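Next come two complexes built around chain A: one with chain B, the other with chain C.
Right, the complex of A and B next:
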């Protein structure tokens, strides 16, 4: 896997910071970080699929929504205990992942993005019409059982979930499997040419992504305690997930985490000046400029800065 | 029955107009302009400000909306699409971000609540038992006129044929002395103009709200995908299929399901016949 000493050091430092955070920040900030954690999970899920394989998914809210709705419906309407509802939600989301996977067998590029966008809008409209007694229709559901009480517990739960997912996905992507997925993003034909089954690899990427999305969605709904179709199957939500992954640095797993924290805090710091949806104006502009300036994301900027600081001789080589 | 046909025809005309500008970019530039909905937003709100608030004549308002749309299209090509050098994923993502930025900008200036746009052409008439507003009728006639003009333009004029050439093969067109960059510029401007005009009509058909760009974008996407790339006739036919499907769904099944069949059509066609019903055999 090519693990180096500094990988261990960086991960240890990351975990240490996540553990230490509640000692230093207020309850309000802690609540913001909880949202950043969930956004990071969703962004990682997007990254595993789209950042790696280049199959841009505009339908991730569809997967997250399946996870969230399944778990919410099971616990609220059928009184299933949470510890059963969440695994069931993850399984349902993985089935949803297979549904999204089917078009990817035939189409790629822009067309795939459009199909997934259509999936998202389709669910948005269907959720409101089909069995509103289960889904709560347009207004959604409230009073869903929550797992934790108080900001501190919520923080520890979301942070440990996020760190676990980030670490396991990071390790997974350092195996040959991860390399093969990246190769699909570069040139799918040559991956097939070298004797690998791209179908199996893609299926694996979709299932992993759906697994993470379902897990994140289910825990998210049990943190919020409520769910509404317009908040979930929404272009703004999709936008935040994709931008978090891209601004942080696609196909790096740790990049989306950085991006999620950056975006969440940016949005929060804008709140005193712009209270409503107009915040997205500044937020979007910053995201757009950053993306145009460095499409590889913040992590690439950090890497360049690091090189400029610590390895002088590498700068001298003419490019 | 006749009522459904009349309503279907009118709605389809509007949809054809919405989809036209999107098709142009998709076939010539080969990029997915997810900020296409932003033209509709800009067109609708410019018209609202100029004609309804300031009281400028409606025709002038419509012209101004079209011109601003054209300008936005040109700027978008210069500042966004060209620097990304045909990287499709980057263009999709950055236009998506831009659409959200424009939406937030509209919220910033006009507020979150939706606004009623007075009909561009006031009055109602009865056609076969269905009440038809002159407004929608004007939109339909206007969109037919624009479609025919566009068809003639693309087929017969020099610039139009150059656009066709670029859409088939950029390098080949460049070798034959066509400047793909200028053609692209031209197409982006034209697309912005069409989008803004469609936005004025669409807003007067529904209402003006900051989130009104998503539904037309999906319709445009559906029309382009099902119709196939670069086929004006295909666009026209599929706009009618979708328009009639919506009217039928509303009349026969339930108003809430009006968009569902459009989505199913997109998914179905893309999975079964990715090149579209009328498109060229390529992807």
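Right, the complex of A and C next:
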């Protein structure tokens, strides 16, 4: 809970790297990193809920979709200014978060995961049939107002959003509240038996997760300038979010960021060799092996490496 | 004059099975009461109803005079009752101190965010139940059964409880661990804690209780001092005979 010198040092280094990146990489790479930034935001959103409480959400594209569609529809169809549309989208996504929360009052484990998956599928179907004049139906929407022009501005916007979200979630999860949410993932009955209302805690986790997903979804659509429902409500997109959080290191906030960058670049480097669906097979395999080797994720590998390097000095483990 | 715990005509049915059968008893301030009975007699089910984990079919449970029939488990804990489990239920990936921390937390999201953990209080609780300073950073996987029971008691105490329900605290422990937990309970009795203790280990239970209630098939068959209950004919045939 207490912040130590190396926390400041690591965050300062992280921010410095994010600021310096455009100096060293090409425009193409910058565009890839923009995607990594958004994936990191979505993975953090998943982590705050599922990584902590153990309520595995298979419905995150549902939440991200609400954020993206709300902001896109408001700006494009109703000429709402973007600075109003984004907060409205976040609020809508949080309402969506409450909808996903309701089954969590009664069911757990794989049943809960399946119900959330149904939310995603259902939304995909609904978007196509209900008011296609607003949603653009199967084709989605294009010509949505963008916030930035060019890779560099897009990079700075996505990077500052990601870093802000990561830092605030990291600080939030280091409080006793974060401990309580983790405790739910380990033994929900014992949390209740310790005098804490798990309903309140879970509702908070769902709302926070939805807040981040909505913010990410809205900014994402105003970066892309378009929505393709088939790519959004897609099982590959869903698994990329979950795998990023898991192989990075669930329940750590920074792990999912690392996982998102790792996955994005892995997919990108595999692209020239494996253009088709095989790519997802290979990446699934690599993720699985990594996960089996170190279930606590890449962040744990880094931590161990750090300790091996500096083991003479470090007596206490960072927590 | 309201008692810490007053149970009146409590009935719990699981389908056709009557797990608690018209059970009434009172636990007075600072008293330590043993609850005994053969396997499946319904002891744990009584605890579950007191804590609100199971709702009673009928009858009432009063805590310091207040009917808690409609209260949630966290609300009951705030009123001052808390329990341990037959099979310990620690938070597996947390240290001893973090486990205790969860018991200490305020049930208010804003205060959870704002307040720092009360580190000294956590350490004090851990040491008071008999942990060594070197144990405080261990996770439950590294602890013995005796330590896990101590951890449950420490987390329960951390909630600020004044009525403690202990379910089979001596099960699975070594002789030395039993002695340690027993002396811990004695210490807490001196400090004014009220106890309701379920135990199959009657020898360990005897010095710890002011009175004993024996139940069978969910119904009370005897109540009195330890010696009185042990000499009761129904208890001898249903419980001691079977053991």
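We adopt the following convention: the second predicted complex is superposed on the first by the 311 of 319 C-alpha atoms of A that agree within 3 Å, B and C clash if a C-alpha of one lies under 4 Å from a C-alpha of the other, contacts with A are read in each partner's own complex, and residues count from 1 in each chain.
The rule is simple: a contact is a pair of C-beta atoms (placed from the backbone, for glycine too) under 8 Å apart; a residue touches a chain by one contact, two chains touch by 3 or more.
Only a predicted model underlies this, so the values are computations on that prediction, with no experimental measurement involved.
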item: Dominant toucher of chain A (residue count), chain B or chain C; value: B
item: Partner chain(s) touched by A:177 [first = chain B, second = chain C, both, neither]; value: second
item: First (chain B), second (chain C), both or neither touched by A:266; value: neither
item: Partner chain in contact with A:126 - chain B first, chain C second, else both or neither; value: first
item: Chain B versus chain C as contact partner of A:115, first or second or both or neither; value: first
item: Which of chain B and chain C A:197 touches, first, second, both or neither; value: second
item: First (chain B), second (chain C), both or neither touched by A:186; value: second
item: Doubly contacted residues of chain A, that is, touched by chain B and again by chain C; value: none
item: Touch list for chain B against partner chain A, complex; value: 31-32, 80, 83-84, 87-90, 92-94, 96-101, 103-105, 107-108, 112, 210, 214, 218, 221-222, 225, 254, 256-257, 259-260, 263-264, 266-267, 270-271, 274, 283
item: Contacting residues of chain A [partner chain B, same complex]; value: 54, 56, 102-103, 106-111, 113-115, 117-119, 121-122, 125-126, 128-129, 235-236, 239, 242-243, 246, 274, 276-281, 283-285, 287-288, 291-292, 295
item: For the chain C and chain A complex, residues of the former touching the latter; value: 51, 53, 72-74, 77-78, 82-83, 85, 89-94, 98, 101-103, 105, 107, 109, 112-117, 155, 158-159
item: List of chain A residues in touch with chain C within their complex; value: 1, 172, 175-177, 179-180, 182-183, 186-187, 189-197, 200-201, 204
